[in-house]
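Across the two complexes that follow, subunit A remains constant while its partner is subunit B and subsequently subunit C.
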Partner chain A sequence: MNLEKAIFGRRSVRNYSSKILEKKHLKELLDAGIWAPTAGNIQPWVFVCVTHTKRIQQIHTVSPGMLGNPQALICVCSDQNRAVEKAGPGGRTLAIMDCAMAAQTIMLFAYGLGMGTCAIRSFNPSAVRELISAPAHIHPELLITVGYPAESPKPPARKKDVFFWELYNEKEGKKDDE
Partner chain B sequence: MNLEKAIFGRRSVRNYSSKILEKKHLKELLDAGIWAPTAGNIQPWVFVCVTHTKRIQQIHTVSPGMLGNPQALICVCSDQNRAVEKAGPGGRTLAIMDCAMAAQTIMLFAYGLGMGTCAIRSFNPSAVRELISAPAHIHPELLITVGYPAESPKPPARKKDVFFWELYNEKEGKKDDE
Partner chain C sequence: MTSDTLSRGLFDLVGYMLTSARGLVDEPPLYGPFRLIDGVSRLCEILTQEDEENKAFYKDLKSKIDERKYTVMSDTDTFINLMDELVYDFTTKLKER
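Up next is the complex of A and B:
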């Protein structure tokens, strides 16, 4: 798929069909995710891909933001040991950013393969950690629901007044500013 | 450009040519960025695009991570008022994630247009805020350097042992787990 089409066409999907996802396609999503930029090449991310219906349902019970019977869940986690080892305490925020960039990369790639996704940030991280049997230093940052879409969501409204030039609140940028 | 090619081919560029960037192309990058996913459609982001050489140099002095004489800088900021108005205190982390996803969207799109970019997270946010004349509730989250690349960076090494199935540390996932 064309890059531009993917960026402008991707939508958050909250209603999935029962069509089965192939594991090889899920693997491709993860392979794409690791090519996101990462501060200092730390690569703090860990991906736990859940496809078993029972475990998806268990995670659902601690994830109010999850909707639409996804076929799979990608738990995008940060490895806090790796995150702070190189970067110090500031590594925590860097890891959140890296995980978010990896997630967006996965979601764009999934759209290119005809799959739908939705990033979920409303969940209980400790409960998710326990359900995927992860140790304390693995922090679930985002959940991505994955499946084939059973809906074609309309584009949500987008603010256009968030672009400024040279200085905050300058719509065009002063020509004689230099 | 093809989506897959962009995701796997994009590199962080730290050496830019003197070729001038057209403002219309920079505008296209911002237009792409606002189509990143955003929790609750809050769109906490604000983009201040700096092209004046003097101001880029001023920001450089407070950004140890910046390299390579970029032609432009995109300051990706969060509007903290907007971030917490809908989402409460947790909106701070959501805004960081949203800004990171917008940044990756911008960087992929730039690569598709033949431009190079690099996300900078090592800078003094208060000093950058002052240099772009932003008020206290506008928080610089990331800087993106932009220009035409004067180098073709090699792919950095990527960890392959970060994919797990069903449970943390499960390389294949138990078939009888359900």
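Up next is the complex of A and C:
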């Protein structure tokens, strides 16, 4: 699939079919995630892919923002020790940014494979950490639900008044010599 | 609904309400009404299988919620109208009882 189609066609999917996901495709998604940009090459991310129905249900119970019936979940976590060790206290913020970029990379790649995804931040991080048996320095940043879509959500409107040229609030921009 | 399924459904709802309560401290204000409405939908799913006499009412309520609840993210007016309609539906049912 061409990249433009993936960028403009991807939607947040909240209704999945029962079609089984193949593990090899999930592995491909994880491989794609680690090729996202990362500040200072810290690579602060950790990905926990959950496919067991019971564990998905448990995570669902503590994740109010998780809607639908995904076949798999990818918990995109930051390794706080690695982030701070490599980048100092600012590493925590950088790690969140890196995890977000990894999540987007995964979601675009999934769309290219015909899968649907939805990124979720409305979950209880401590509860999810406990359910995936992660230590305290592993912080769940985002959940990505994964499955084959049973719907094609309509694209929501996008704000178009957010582009400026050269200066904030400059709608058209001026040449330097003007 | 068997007692085990009912118990599981209510247990999950407790988890949903608890984690919603904590999460809403840091979330956008409109997520509050959304969580409550989504919670009603989840409760209706349980009651649809539990309360034979009012099954149709709960089923309709759930269906109406699920059809339009996501407008909270794209069309606030439609979401607020949905809540008004749901309150009206509920009040109509209340008068019948």
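Please note the rule applied: the second predicted complex is superposed on the first by the 175 of 178 C-alpha atoms of A that agree within 3 Å, B and C clash if a C-alpha of one lies under 4 Å from a C-alpha of the other, contacts with A are read in each partner's own complex, and residues count from 1 in each chain.
Definition applied: a contact is a pair of C-beta atoms (placed from the backbone, for glycine too) under 8 Å apart; a residue touches a chain by one contact, two chains touch by 3 or more.
No experiment lies behind these values; they were computed from the predicted model shown.
Colleague: Specify the partner with more touching residues on subunit A, choosing between subunit B and subunit C.
Modeller: The larger set of subunit A residues in touch belongs to B.
Colleague: Touch check for A:Asn41: first (subunit B), second (subunit C), both, or neither?
Modeller: first
Colleague: Applying the document's definition of touch, where does A:Phe123 land relative to subunit B and subunit C: first, second, both, or neither?
Modeller: The answer is second: A:Phe123 touches subunit C but not subunit B.
Colleague: So in the superposed three-chain picture, is A:Ile96 touching just subunit B, just subunit C, both, or none of them (first/second/both/neither)?
Modeller: The answer is first: A:Ile96 touches subunit B but not subunit C.
Colleague: Of the partners subunit B and subunit C, which touch A:Phe109 in the superposed model: first, second, both, neither?
Modeller: first
Colleague: So in the superposed three-chain picture, is A:Ala157 touching just subunit B, just subunit C, both, or none of them (first/second/both/neither)?
Modeller: Both partners.
Colleague: Determine, under the contact definition given at the top, whether A:Glu4 touches first (subunit B), second (subunit C), both, or neither.
Modeller: first
Colleague: Overlap of the subunit B and subunit C footprints on subunit A, residue-wise?
Modeller: Touching subunit B and subunit C on subunit A: residues 156-157.
Colleague: Which of the residues in subunit A come into contact with subunit C in the complex?
Modeller: 14, 57, 60-65, 67, 122-124, 127, 156-157
Colleague: Quick check on the complex: what are the subunit C residues that touch subunit A?
Modeller: Listed in rising order, the residues of subunit C that touch subunit A are 11-12, 15-16, 18-20, 22-23, 27, 31, 35, 38, 70, 73-74.
Colleague: Would you tell me which residues of subunit B are touching subunit A in their complex?
Modeller: Per the stated touch rule, the residues are 1-8, 10, 12, 27, 30, 32, 34-37, 39, 41, 43, 45-55, 77, 93-94, 96-101, 103-105, 107-109, 112, 118-119, 121, 132-135, 138, 141-142, 156-160, 162-169, 173, 177-178.
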